[in-house]
Each structure stands twice: as C-alpha cells, then as structure tokens.
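Once you've had a glance at the structure underneath, I'll fire off some questions.
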Amino acid sequence: MLANLSPLADFFLASEIASKQGSAIDELWWFETAVTVVMTVLIFVGIAIFAYKFRKRPGVQATQIEGSTFLEIGWSIFPFLVMLVMFWWGADLFYAAQTPPKDAMEVFITGKQWMWKVQYPNGYREIDALHVPVGQPVKLTMASEDVIHSFSIPAFRVRHDVVPGTYDTLWFTPTKPGTYHLFCTEYCGNQHAHMIGYVTVLERADWEKWSGGGGAGGSLTEQGQQLFTQNGCSTCHLLDQQGRCPILRNLYNKPVQLADGRTVLADDAYLRESILMPNAKIVAGFEPNIMPNFQGQLSEEQVIQLIAYIKSLSPATPTSQQGSQQPPVVIAPKAKPAPTVKTIASIQ
Amino acid sequence: MADTLVAPHEAEHDPHLRHHFANADQQLDSATLGMWTFLITEVLFFGGMFTAYVIYRSLYHDAFAATSMVMNVPLGGINTGVLICSSLSMALAVRAAQLGQRKAQIISLLLTMFFGVVFLGVKAYEYHEKYIEHLIPGPNFQFPEAPQYFHNAQILFFLYFAMTGMHAVHMIIGLGLLTFLLIGAYRSKYGPTYFTPVEMIGLYWHFVDVVWIFLFPLLYLIGHTK
Amino acid sequence: MATLATRPTGYSDAPSEEEPLNYLNATHGWKSWLLTVDHKRIALLYLFSITLMFFMGGTFAILVRLHLTSPNGLFSPEVYNRLFSMHGIVMVFFFLVPSIPATLGNFLLPIMIGAKDLAFPRINLLSWYIYVLGAAFAIYAVARGGVDTGWTFYTPYSTTYSNSYVLAAAFGVFVAGFSSILTGLNFIVTVHKMRAPGMSWGRLPLFVWAHYATGLIQILGTPVVAIALVLVGMERVMHVGIFDPRVGGDPILFQHIFWFYSHPAVYIMILPGMGIISEVISCFSRKRVFGYDFIAASSMGIAVLGFLVWGHHMFITGESMYTGVVFSFLSFFVAVPSAVKVFNWMATMYKGSVTFDSPMLYAFAFIGLFTIGGLTGLYLSTLATNVTLHGTYFVVAHFHFVMVGGMVVAFLAGLHFWWPKITGRMYNEPWAKFAALLVFLGFNLTFLPQFILGYLGMPRRYSAYPPEFQTLNVLSSAGATVLGVAFIIPMIYLTYAWFFGPKVGKNPWEAKGLEWEVASPPITLNFEKTPTVTEEAYNYGPVEEVIG
Amino acid sequence: MSTLTDNKHEVTHGHIPKVGTLVAVWATLIVLTFCTTAASYLELGEFNIVLAMAIALTKVSLVAWIFMGVRYSTSLTRLFCIAGLLWLVIMMIVTSSDYVSRGWQYQAQPWSHAASGGDSK
C-alpha cells in the first residue's frame, strides 16, 4: 500500500514520524537544519559579496590586514557554544533512547544472514515482521547469529547495531498505527538489501486479537522450561536449595559477586555469556570447570527462551513477560494463517 | 651559512655526503630524526596488538592466567637474556664505528647476529613445541590443561603468535640489515666521519629488544604460577 | 641573475631553439624517470599513478550510480557489493590519502622552504614503488573478482563470512599504508631540518604547515590500520582470531583500532587541501592571509584532536553510551579549528583585490562545499541525530561533500594554480572556468539529493531499495554522470597545456612564495644558491590595518 | 628552533659512550630480568602485573637512555620518543574506557529526558 502513492506524496510519507522519541529527535533535527541553512547561506552570500565588492579594480590596491585575536576568539567561541547546545540536547535524548522504561513489553529479535526472526513473549514467532500495539513502550532485545546487523526503523527514529556475541537493546513507543519500513543498516553480505521488513502498529484492540493465539509451542517461558530440563540444567541448578551450581531463582537484574572479587549485574548479556561460556565469569564460592560450554550447541533463539524462563523465576522484576505473570492462557491454537515470509511485501 | 652550495673542498673527500645536505651534521641529524619517526610508527604498529592484549586480559582474566601456565618461562627468560646481550654487542658495534675500529666492528656485529640467530632458534623451538601440543588457534586447537577456557584461550594464543611472530619478522629484517652492515664494516666504510647507517640500524635493533622486554612479562610471567 | 646553465645543443634530440636546463629535460629515457631521486619527478610519477587510480575508482562510482537508477538495479547484489567496496578502497587508500601530499606536496614543499630536495630522496622513490606495489595488489584483487566487505573491512564479515579476495585487497592497503608513512616521515624531517636560513617556523607558508600536520597524522595513525589489517588477514588464514565472537572476541574492538586511524585519515585527506586553499585565496586576493598564526595553529590542532574523536563512528554499534558522550563532545571540539579556517579565508578576501581565475573559482567552491560538509558533520556527531542517520545516505552525502567537494576540488585548485610552475606552460583558462562550473553543478546534483535520502532513512550499501526512493536516486545518478564528465575535461586541457600551452615566466600569477622565485619548470636542484628568507609569508605589502 | 646547524667541521657527532657504561647497563638489564622472573613466582595477586610492568619500564628506559642514546640526543628526538608512547597510551586508555564503562547502569537524573519516560515534552 506504500508503493502506489504518487512519488511526491510518498516523499513526505516516508519521512513521517510514528514514535514519541521520533518527534523529540526531529525537533533537534530541525534545529540543526536551521543552523546549517543559516551558516551555508551566510558563507555563500559572504563569498559572493566579498568577491564582488573587493574585486580587482584598476588603481585600487588591496589593504593588508594583519588579523585580530578578538575576532578569532569570537568566531571560535560562538560556533562552539551553538555546538554545545546540539551536544547537550543530543546527549540528553540519546540517554533517554538508551534506557528503556521498566514497564516496556519485551520482544526478542534474532538477526541472521539476511532475515530478522522475531519472538514474542507469548511464544508467537514471525520473520521480517513486527507487530506492536500503539502507545505501549516496546523493548527489543536483539542478538545476531553471524555478522553485525543493524535493526533500524526510520519512522520511529530508532536504530541499533546487533553485534554477534552479546545482546543489544532498543526501545520505542509507537504513536501512530500504520506500516513502516524495517531496514538492516549495517552491511552484512549479499542479501543485505533484502534483509528488510515491515513494522505494523495496531490499535490496542486489534493487537490483543492478533496476539491472543500465542505460539504453537506454548509461551516463551514454557519453551525455555522444556529446554531447561532437556539440556540437564535442572540437575545442577536446583531451584530451591543449594546444589553444586548457583540458584537461579530471583537472579535476574540482581548484582552477583564473582570469584575474582568483581560484582556484575545479572542482566541478559551476563545470563547469555554464562550459558554459552560459563567459565568466563565464575560466581564466588563455586568451582570452575563444572558446567560445559554450550557455545555452538544452543541457537540464539534457544538461549533467548532459556533466559526468558530464568527471568520468569524472578517474578519481582516487572519486565518479565505478561505470559508468566498471568497463568499461561491455554487456548486451542486457532487456525491462523501461517505467517508467510513476505505477505506484505508481495502487495508491492 | 656557507655561501656556496657545498663547501667545495668538503664535497670531494666526503663521498658519503648526499648532495642536498649542507654538511655532515645536518645529514646525521636528519637521519636520526627520520629513524625516531620510523620508530614511532613501529611503537604504534605493535601498539595495536598491545591494546588488544590489555582489553582481552581485563575481559578474560582467568583464561589468560591459564595460558601463561603453558608457557616455558625459563626458556623465555633465557631468550630475554640473549636479546639483552645482542643489544650490548650492537651498542659496542656503534661505538666501534664511531671510533673507526674495523676489527671491533666486525666482531661485535658478528656477535649481535649470533645472539639474534640464537633467539630465533629458541623461538622456533617454542613454536614447534606449541605445534605439537595443538596450541595453535584454529580447527585443531586443544587445551586439555583448562578445557573450560577452550574458547577464550584461543584469543591469547592468537595474540601470542601475532605478537611474537611479528617480533620475529622484525628480528629477521634486523639480521638482514646487520649483514649489510657487516659487509660495509668489512670494507671499512664506517669511520668517525660516516657511521650513520650503523647508528640507525643500532636504534632499530634496540627497539626490537625493547618490544621483547615488554612481551616477555606480558606473555610469559603474569599469572603463570596460579 | 646568473645566466642559467644552458644545455649544449649538441644533443640530437634537443629542441631547435636554446632551451634552458630544467628538471624535465635534464635527463632523458625511462630509466631517468623510474630511478629518479628528484622530488619533482617523483611527484609527477605519483601524479600519473594516482590519476590512473582516480579514474579506476571513478568508473566504479559511475557503475554504482547506474545500478541505483532502478529499485532492483542492473547488476546482481554480489556485483554491486564488490563495486561499492572497490570504489571505497581504491578512492580512499589509493587516491584521497596519497594524492595531494604525494604530488603537490612532494613537488612544492622542498622549494617552498628553500631546500634542494626532501631529507631522504631515495626513501621518497621507495615510497612510490611501495605505492605501486600496493596498487598492484588492489588491481589484482579487482581482476580476480573484487572484495565485498566495504572499505571498512568490518569483522566478523571480513574475517569469517566473506568469500571474496579480502586478503589480496587488505594486503594491498597494508602496503599502500607504508607508502603514506614514508611520505609523512620525509615531510616531517624535511620541515625540521632542511629549512633555508631565515625560514623560521613563523614564516613557513601555510601549505607547508598543513603538510607538516598531515605528516604527523600519517606517522601516528597509519601503523594502527596496518596492524588491524594484519590481524584480519591472520584471522582469515587461521579461521579464528581475536575479533571472532565464537571464541569470545569482540568485533567492536576491530572498529576501535580501525577508526583510530581512519578518522585521522580523513584529516590526512583534507588538511593538504586546506593548505592549498590558503595559498590560492591569499594569492588571488593579493592579500596577506588573515590570522596566519591561527590557521597554522588550527592545522596542528586538527592533527592532534583528530586522534581523540574516532568513537563517533560507533555511537550505535554497541559502544557504551558514556564513551559515546565523551566522543560526541570531542567531535564538536575538533570542528572548531575547521570553522576558524573557513572564517579566516573569508576574512582574507576582505578589502582584497580579488581576481576570478579558475584556481580561485575552485577555492570558492571549496569554501562553500566544505562548509556544508562540515555542518552536516555536526548532525552525525550529535548523539541523538546520529541514531537517525547512522548507516544511511546522509552519511554518504556528508563524507562525499568533504572528500569530493573539499579535497578533490582543492586538489584541482592546486593543480591549476601550480601547473605553470610544474610544466612551465599555462593551461586554457576559459576551458578551466567551464570545467570548474561543471564540477560544481555535477557535484551538487549528485550529493544534495542524498542528504534527503538519508533523512528518509534509505540505508547505504543497498543494492535494492524501496521504490519511493527512486526519484532522488535517479537525480543523484544524473549528477554523477555530469560530475564524471566534468573530471575528464581538466585532464584533457591540462595534458594539452603540458605540451602545447604558452610558455610562462617565473611568476605568472605574481604570487608570493619561494616557489615563485625559481624558474618554471625549476632546475633539478631548485635553487642556484640557497636563498635567505628575509620577509614573512604572503608579504603582498606592509600591514596598514589591524582590526581589534 | 634550529635552522641549519652552522657548518662547524667538528669530526665526530654525538657522544661516544664508554664501554664501562655499556657493560654496566647490560649487567643491570640481566639482573632486572632475573628480578622480574623471580618476582612472578611470588603470590602478589593484582600487584604482580604492576611490578612486572614497573620492572619492564625501567629496563626499557635504560635501553633507550643509554643504548639508544636518548641521553645525548636533541630535545626534538626526545619529544618524538615521548610522542610515540603518548599516542599509544591515548589509544589504550580511550579504547579501554569503552570496555570499562559498558557495564555501568544509568540512573536517570530528574532533569533528564529519560526520567520522564522518554516521551517528548
């Protein structure tokens, strides 16, 4: 539905803003554009006037001028002050963009060479498509399976690289229902240009209807629980009393004392590293070289599911998924059209 | 400033004075400054690897300690001693060139090259030792001593081979330059009025020794007793 | 003036009338060119080779723009990825970094400071051979199929997932880096040790100051990209390495080490251009440069501060936001010296007697376009708008405004300004004015639409794009063809002028500077007698007015 | 700053170090190598690295001061020597500042945009 608009209309449509942050950043954008236009006009007109006014005329000698420290200091300090305004304004918005609110809905994204795999808390999965309710802050926790990708939604003015080996987060609050472009903006190989998709913002009611069904294999937490038992994690990580390995209940987002004296926060990245390369950080009071490396045996989605399950073990933290708060909604999975990969793109 | 381009009498009997320099001092000063500028590029060239080392040592503290246990510390110490001796003989060679003592130049240059070759020999032995124990990062890397650091240890061994390998390449280039000096000394080219090449290659050799003085504790000593 | 030593006309190939001896006709034969240690001849060797590489890179650019005329493009994605990567590598490492220092810098720096040659002539020739070796590897990589990692060689794609000729291209760039190091080394030692008596630091032409600062950056930065590429090469060979996330390596560390050089590299590219513009503006306004000390100090300031800002390339690639804030602040700090230069050039024209020869037209274009390039850089050093624009065509437009609108335009200004000095003959002025205008128009038509594409969010390095961006891309491609033609015209009339242009005397522009006091083209040793400098640079007349 | 040094015809340039000093420096370096190897066997925890680097730095400055002749060379050469190390330190400190500050948690300041839930004013 995007393509059939006249070129001029879509020219402005594409620059629309559909997130709270987006409008905040756009104000700063127009301030910078104003400064650029003013300075450019000043310089171009200045050159034209000086060139014309002081052009070579017979009998007129150029008067030699040494220079003036006062002017020099003036046109160093003044531009720097204007730049400081840009710096402060930009840094403030950037900090806001980097700190997701506590009540954000969490969605997990896995970047893989040339597709985006999206996992919702209720277990539903999609490829190259993201559905979010309007007005609800959404936090994306992103991982990459191979090279560096970059999850970018121009209409929301959000973008963050997805670096393999760790988690990157990104958050936004959609304000306008509609369909917006999703791009990969870090070069990642042949089909880099086809690693695109659409973000659909739905009204609250439509979204509830759309996401009601949940995933075939149960919610993310249930899938994590199955993995937790299948891979034998439960044999050492006993949930309620001290086994040979650290207790995972009430662990998420709590400080952890390490064997070498450092304390780190048990955030997503810590949990991921401790699953894949457990001996990178040994918890104080525990022996190294007990838990095997799972690097290469678990896919990124499985790690996400395990972490979702571990998070569900610490109900205190609000960011755990809705799924785990209420009892899992058991509805016979309605026959839902299998999400073909490029349903929307095929409309073009 | 000498009014004519080059003081005529000096140009004839000093064949080593390049045409665009006014006098020998300016030539030596320029050469020394040029060499030090080149050494800055070498400092930053090795600096890239040292930065990576600093970052990964702080990130994977224990894995690096485990890898130091595998290193042959006595051999590393001997190698450091060998390189320090080669630095001494190189300094003596430069001194002999400044005084124009042909025999002393030849002996000290030969001594420097001997120590250099010994160092490379020991290095080759260590590499062979690592090859046998499958410690070269890549598909057939094995690390039985501390299997839990299997992944992170490969970073340290990669850095080990990158740093000591690049250092060895610089040693080989240094040996090539020393042979060039040996031929010149043999032909008694270097004397009190012209010893610039000896001093420049001496600076280069001392720099290679300086790099090893840092490499030895970082790769061999830190944490090897845990 | 002592009569110039004239060459006995006994030579068979001597031209009919008595031609004075100069560096061009002093010796003949290809050996005299390939084994020369004369800085002027080496400058011409470089001029020839970088022009070749410029047109090679330019062809890739034209193919890229042709591909982007339609949303799904003409070539397959693999071919497109190789085209833009090779365009980047050839242009950055084989044209932008070496061009002005190796050609005009090599030719003019010794003459401007009153020396007979650079400090190490043989190392100067060695640097050209190393450049040719590096270019040979790059051309080999192109011939065998090119590299598809972009000019940035980001890991883990370049080390693990790319199956193109990364090793050959990386080695070519590694070798070319040493050519840049040797040129920088030569310039630094020459300026320190080879200045004529009376040529104190305060009397150095600003062209020399700019090249001294560039030499510092070349020395302090280039080895770091050399080691980065060596580590990428080793990682490709050993299938595992320190940037490999599968063993705990951090791809962002590669970006740190790479950009530690690659941001100062953009100052290696722009500073010599600024040096040229200071000379051209001062000559064609017949005026002393306004605030000489501040322009010299700003060159050194850019060289030093340029090393502290590389993190603004990585604001959203996983760098911690605290480091991001520090880099953002320092990036604004490094913008101040550039702004000071632009204002000083404008002030130099104040109360001058300005003539509109083609070098001056290029200088006007430089000031305008470089200002736009610099101002759009502020968007990218502001943290919040960087999030909006990183990886889009806004970045492409920004750096092309500074590289093509800044450096290439300054290079053309320098070529035209010193062409009579290099060849002893004047080029065709009307053609030059036309070419300058065409460059300005073609350039703006190519890159202004890309700013808008960037704001709309079109990602860079995309072989296919959503159809609503097509109109702007077609505009940009049209501009690219105009720009391509505009770059060919100077090559034609300058080469024509070299052989058939009217002969000129020592100082066709009546400019100030030691290079205008020697013959054009100069004799092999530049000066019959080492000059003694008694006046400051740009002494177009006694100082009559001091403002504030 | 020095323009062309005047054309004094003094034969040798620079200072010729005595054999005694060279051997003395050599001996100190060998002793220091033993010290650093021995010190590594001690259990000093974090201090091990600091000690090893301190010894290495003394050895390196000895080599540079006497062997490389920084002691007798011009202040320009010394400046270049220090500039190289300074740039290396800049690269190391700024790069590691990124790694150090990655783990920090950000408490939104009351005046900041982040405090107001990130929505625009």
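We call the chains A, B, C and D, going by the order they appear; numbering starts again at 1 in every chain.
Definition applied: contacts are C-beta pairs under 8 Å (C-beta built on N, C-alpha and C of every residue); 3 or more make two chains touch, one makes a residue touch a chain.
Keep in mind that this is a model prediction, so the values were computed, not measured.
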Practice prompt. Using mean Cα positions as chain centres, tell me which chain lies farthest from chain D.
Written response: A
Fill in: B-D or A-D, whichever has more C-beta pairs in contact
B-D
Worksheet item: Looking at mean CA positions, which chain is nearest the middle of everything shown?
Response: C
Worksheet item: Just how far, in Å, is the C-alpha centre of chain D from the one of chain B?
Response: 17
Item to complete: Measure off the straight-line distance from the CA centroid of chain A to the CA centroid of chain D, and report it in whole Å.
Response: 40
Discussion item. What's the distance between the Cα centroids of chain A and chain C, rounded to whole Å?
Written reply: 37
Response to the item:
Note: chain C sits from chain B at a C-alpha centroid distance in Å of 34
Response to the item:
chain B residues touching 2+ other chains are 1, 22, 26, 29, 33, 37, 40, 44, 47-48, 51, 55, 59-60, 151-152
Response to the item:
Residues of chain D that touch at least two other chains are 4, 76, 83-84, 87, 91, 95, 99, 106
Worksheet, complete the sentence: chain C touches at least 2 other chains through residues 192, 194, 197, 220, 224, 246, 248-250, 252-253, 256-257, 321
Practice prompt. Take each protein chain as a node, join two nodes whenever their chains touch, and name the resulting shape: line, ring, star, complete or other.
Written response: complete
Worksheet item: Where on chain A does chain C make contact in their complex?
Response: 2-3, 5, 7, 10-11, 13-15, 24-25, 28-29, 32, 35-36, 39-40, 43-44, 46-47, 50-51, 54-57, 60-72, 75-76, 79-80, 83-84, 86-87, 89-95, 97-98, 113, 146-148, 150, 152, 154-155, 157-161, 163-166, 168, 181, 183-194, 196, 277, 280, 295-296, 348
Worksheet, complete the sentence: Interface with chain B, chain D side, in the complex: residues 4-14, 16-17, 19, 22-23, 25-26, 29-30, 33-34, 36-37, 40-41, 43, 48-49, 52-53, 55-56, 59-60, 63-64, 66-69, 73-74, 76-77, 80-81, 83-85, 87-88, 91-92, 95-96, 99
Discussion item. For the complex, give me every residue of chain A touching chain D.
Written reply: 20-21, 23-24, 27, 92-93, 95-99, 101, 137, 171, 173, 264-265
Discussion item. Show me the residue ranges of chain D that touch chain C in the complex, using the header's touch definition.
Written reply: 1, 3-4, 76, 83-84, 87, 90-91, 94-95, 97-99, 101-102, 104, 106
Worksheet item: Which part of chain C faces chain B closely enough to touch in the complex?
Response: 115-121, 123, 181, 184-186, 188-189, 192-194, 197, 219-224, 226-228, 230-231, 234-235, 238-242, 246-250, 253, 256-257, 525, 529-530, 532
